[in-house]
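Look at the two complexes coming up: subunit A is in both, with subunit B in one and subunit C in the other.
The block that comes next holds the complex of A and B.
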């Protein structure tokens, strides 16, 4: 994976080094050699060295936790990742949890009361929402709610937090964070809620047809117990895998939304890095994406084991 | 097994029960004008081909039909231990929840899928107890006792997840769970079809013992005539949604008066008799959306006459035993045929 991104990025057109070299030659009338040396010192990086050599060096440093420095700002990439990752994890994670929770609950009730007004309205809503891409929702929010109707104090809501506010575990800071996260989180929830609802509905429908549900009804169980431990828990199983897969796409999915809302997460930084061809930063972010995909698979296994005793192997069998 | 002369009281009385499913082709009448009485301690076996409506009757009795199924008409009256009668069709959802399992429980067809895979047997027991106000300690003691009675290792099963149990163990677990709240009636839908012959044997023995000890009534659905003959006091033969013959088990099996019951008996293998011929009944059950006129069985019946093709035969009582009822025009001929067959063997 790291190898792949390493090669891929280096094949992209518009090498920043040669751009800089050309710029220096044009502006300061330097020779090619002088310009190359100057740019090399500036970037702390020599793209004209053989690929293989660059690669070995990169991998060696990677193993030591050194991701290199940004070609543009010279800030260590690791620092940048640690600075931006929490924002993305917070906003996308919150959005994912809210939409998953709501989707499961509503989807289950849709199936439980299938054919009712509630079911019909929600199915229509979910189908429409499912079809609209997230950036369209974001643009609609900005234009309609922010600019035309002025219901939202739009300008103040952009960014990650109010400039100048001092970070800390205080109520006003937390509220400020939530205030600024509202737009991206809301957008994530709206765009993914429909999918969760529809999947949960169909999963619940097939669970409702299972014999053990009829048997549980025959035992006179209370509605609440039936919905949670018997219907909900079984219908949720297939969705857990999807939830974990979504965790893997946290960073990748945030690029457009974070850019639109100027939210200081990894997604927006990926967009910027791509624009200015900041190789090392791009590599760092792709590495985060790769790690989160691997991590999400482990997460899926853990969650599954927690919810489904049939995959919890070997623990009590010995005794 | 003989019914005591002073007939015990009726616990469940069903009259003219009609149940239909809504299908794409129209209304499918799965149960048509079914009537019977179930006495205290009695076991009634429902036998008949696949699709004749046996499971539908059971689900209808406890009002757990799937959403497409409805009870169109008829009466279901249940008599509680204190003598009060309950109109099952008139129960509200809340009342029904209280009625289920405490008065009338069920062991379903297919034990493999009858248990929630993600919770332990103990949770299932506690859930059931909690729904009916039995406290945890009592539920646990009673469950362990019942597990013992159905020959399970009580502690192991109590703490197990369903997938850790074999098919036979699950079936016994279900049987024990059905008796948790000391119901008067237990509905059993083919409780022994999914297990091997030895397990089946032991489940039947366990059931017979428990029945003597706890004195509940059973409606026992089975394809297996030998099992039905062994366990039942009364047998009802069903065809195309109707009970076409019903009576004490010996009466029906040795002196059948309906061509369909005769056909079933001729099709059943008997291990005790070596080289008898088995006959299947030609044709297949009728379409229940548009049932044939007259006797529903006439298309497959070797005794059918014009009368059978036009007018449905009324239910009549056998002269030898007033508990034996049958809906057929040719009772005498059929009885004679069976007697000759038995004499030949």
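The block that comes next holds the complex of A and C.
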């Protein structure tokens, strides 16, 4: 994975040096000589250095846990990851949990009351929302709710926190964090909720046809117990697996949303790094994404075993 | 009597105290935007890639670390900011500073200028192409000693450079000056090490000579703030206590402009957005950007290596239409076709030369005559074909992610095809498009021409040197337009002509040299300057007062020398209704 990433990003057109030259020319109206001279002195990057030499150095450092320094700012990549990752984990993670919780609840009810007005309305809503990309929702929120209707103070909500506020475990700071996280979290929820609802509905409906549900009904169990202990728990199994896998994509799934909302997460940082071809930062972020995907898949396997006794017992029987 | 005396004494003491009492910050907040980087990348070293230079952009940086002077393009005159006087002296150039102070109250002196250039030499600044050394003459006076012939271009570079505090960079500057004194060059390891040390330097605070400064605590995720400081020459004239800069590019700033959270923006907005701004009552200020898209020919590819075919291409593209589709009202079709942006042509060329320029007015009939004379005929599909029946096929490669350049290229393609060429447009990422031009891996392409500079040299070299083998590295042919040729019975070395166009102080001689080059480019048409892009900057008059009228000459300054710098410092821009 690291080798693949290393080679792939260097195959992108342009490099940090040439992009800086172009940027200086455009922004400061420098001549190409001035821009080239200034860019050449700004960072220690040699575009003509052999790829193998760069790779050996990168892998050598990586084996020692050193992700290197940003080509542009000389800041250690690890520092940048540690600063930006928590914001993404918080906002995307919170959005994922809320949409998952709401999705399974509504999906289960849709299946239970299938064919009702509630089911029809919710199915239509879920199908539409499932098909709209998150950045479209984000733009609509800003333009319609923020600019045209003025019901959303979106300018104040941009960023991760209000500039100047002192971080700390205090109510005002926590409320400020939630205020600023509202836009990204709401966008993630609204765009992923439909998927969870439809999947849960489908899963619930197949569970409803199982023999043990008929038996449970025949035993005269209450509706609530039937829904929670029998239908819901079994219908949730495939969704939990999907949730665990989704956790792995938290890190990489927020590039456009974080940029639009100026949220200081890893996605916004990745977008900036790609624009200026900051290879070391891109490598660091892609590595984190790869690791999180692998670990979330392992987590999904473990969770499935824990939640479904048939899997666990099956293994014991086999042994 | 005693009481009256005591009262008088108290009044005199109070009167004496008034000038020294601390000034209060003005109440206004200026709402702007610039795509700064976040912490921990953001730092306060203005010599480093992610320092104030990059994070404030060319306009706001001038309000923190001021340069010697501000240039008014239309009047061709400098207004001193930190500089009290300046001018050429025997063998050099002298600059005397005003009695200014840094934000910590210490004076701005010649030592600051010497330190600035000491480090600048290590960083390879272009000033050292003509400057041999920078010497302190008096407390507030420095002399730049020429290494070659003096020029007005060198003067501009000196006066535009931002002066940094020796108190912050003095130690590094001393090392730099010692290396230069030892005869070291940029190939020496000590030089490279010092270069890296300069880039890695992270000052704790930003000393400002301008009326605004900031700390890293003022850098937020969505906006950063520059705050007024009382010790600048201009602290008493500015009308804003805070300059708030929203982060982000066009997609982020568009709703903020519409919402009134950004009062002035320099982002590039598409025509539809410009219209939305106007519909919302937001004024659009139009200033030159200092460039426009040009059609680049690969001179290795037939028939673009034939002068007359290039002239035909120039005749069949309606440049006004091309301009409108490039950037709406924020672009104008090129008028003079001389390799110099239209606004600068009257300053850089004599009227006699201007009168000789072929305007290449849209004329498909004249173009068809030339094609016929060249032996081409039209086939049944209306395409021009050679004697073997081959159409003139080419690929027009353009940067798909640059809205302005891609629109210019696609419209040029349409117009060329309408005339009877057989051009296929192809969008690629901008980095790829640029690299392909360098490598000569294109047939037709688009990139900028002209420059945001009051000197012909900068205009004329772009793109015939910049994107040609003459200005590229080994193995990079670029346009591969031959720079040595015979023209009207005279042997020409175009590279030398362009490089020397602004040498010396004789303006008339420079005009004469520029005129000759303009006539050559106008005749040979090595590239077609399609149009000139203007900066259409939303200016919310409900928030800001004091913008110049549309016909004010100050708006001839390009965005890199924006009037906002001077007008903010002099207090002409103020909060609306304030």
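Please note the rule applied: the second predicted complex is superposed on the first by the 282 of 319 C-alpha atoms of A that agree within 3 Å, B and C clash if a C-alpha of one lies under 4 Å from a C-alpha of the other, contacts with A are read in each partner's own complex, and residues count from 1 in each chain.
As a convention for this text, a residue touches a chain if its C-beta (ideal position, glycine included) is under 8 Å from a C-beta of that chain, and two chains touch if they have at least 3 such contacts.
Every value quoted in this text rests on a predicted model; they were computed, and no experiment measured them.
Peer 1: In the overlaid three-chain picture, which partner chain does A:37 touch, first (subunit B) or second (subunit C), both, or neither?
Peer 2: It touches subunit C, and subunit B stays clear.
Peer 1: Output check: A:167 vs subunit B and subunit C. Expected answer is one of first, second, both, neither. What do you get?
Peer 2: The answer is neither, since A:167 touches no partner chain.
Peer 1: Is A:22 touching the first partner subunit B, the second partner subunit C, both, or neither of them?
Peer 2: A:22: touches subunit C, not subunit B.
Peer 1: May I ask you to name which of subunit B and subunit C touches more residues of subunit A?
Peer 2: Of subunit B and subunit C, more residues of subunit A lie in contact with C.
Peer 1: Please indicate which partner A:65 is in contact with in the superposed arrangement: first for subunit B, second for subunit C, both, or neither.
Peer 2: Touch partners of A:65: none, neither subunit B nor subunit C.
Peer 1: In the overlaid three-chain picture, which partner chain does A:307 touch, first (subunit B) or second (subunit C), both, or neither?
Peer 2: first
Peer 1: Touching A:131 in the superposition: subunit B (first), subunit C (second), both, neither?
Peer 2: Neither partner.
Peer 1: Which residues of subunit B touch subunit A in the complex?
Peer 2: Against subunit A, the touching part of subunit B is residues 59, 62, 64, 96-102, 105-106, 108, 110, 113-120, 123, 127-128, 130-132, 161, 163, 174, 177.
Peer 1: Could you list, by residue number, the parts of subunit C that touch subunit A in their complex?
Peer 2: My answer: residues 37-41, 43, 48-50, 57-58, 122-126, 195-196, 199-200, 217-225, 246-248, 251-252, 255-256, 258-259, 261, 290-291, 428-432, 434-435, 451-453, 457-458, 461-462, 466, 471, 558, 560.
Peer 1: Under the stated contact criterion, what part of subunit A meets subunit C in this complex?
Peer 2: 12-14, 18-20, 22, 26-29, 31-34, 37-38, 40-44, 70, 72-75, 79-80, 83, 142-143, 146-147, 150, 154-155, 158-164, 180, 259-260, 262-264, 269, 272, 277
Peer 1: Under the definition above, what is the set of subunit A residues touching subunit B in their complex?
Peer 2: Residues in contact with subunit B: 210-212, 214-222, 225, 229-230, 233-234, 237, 307-310.
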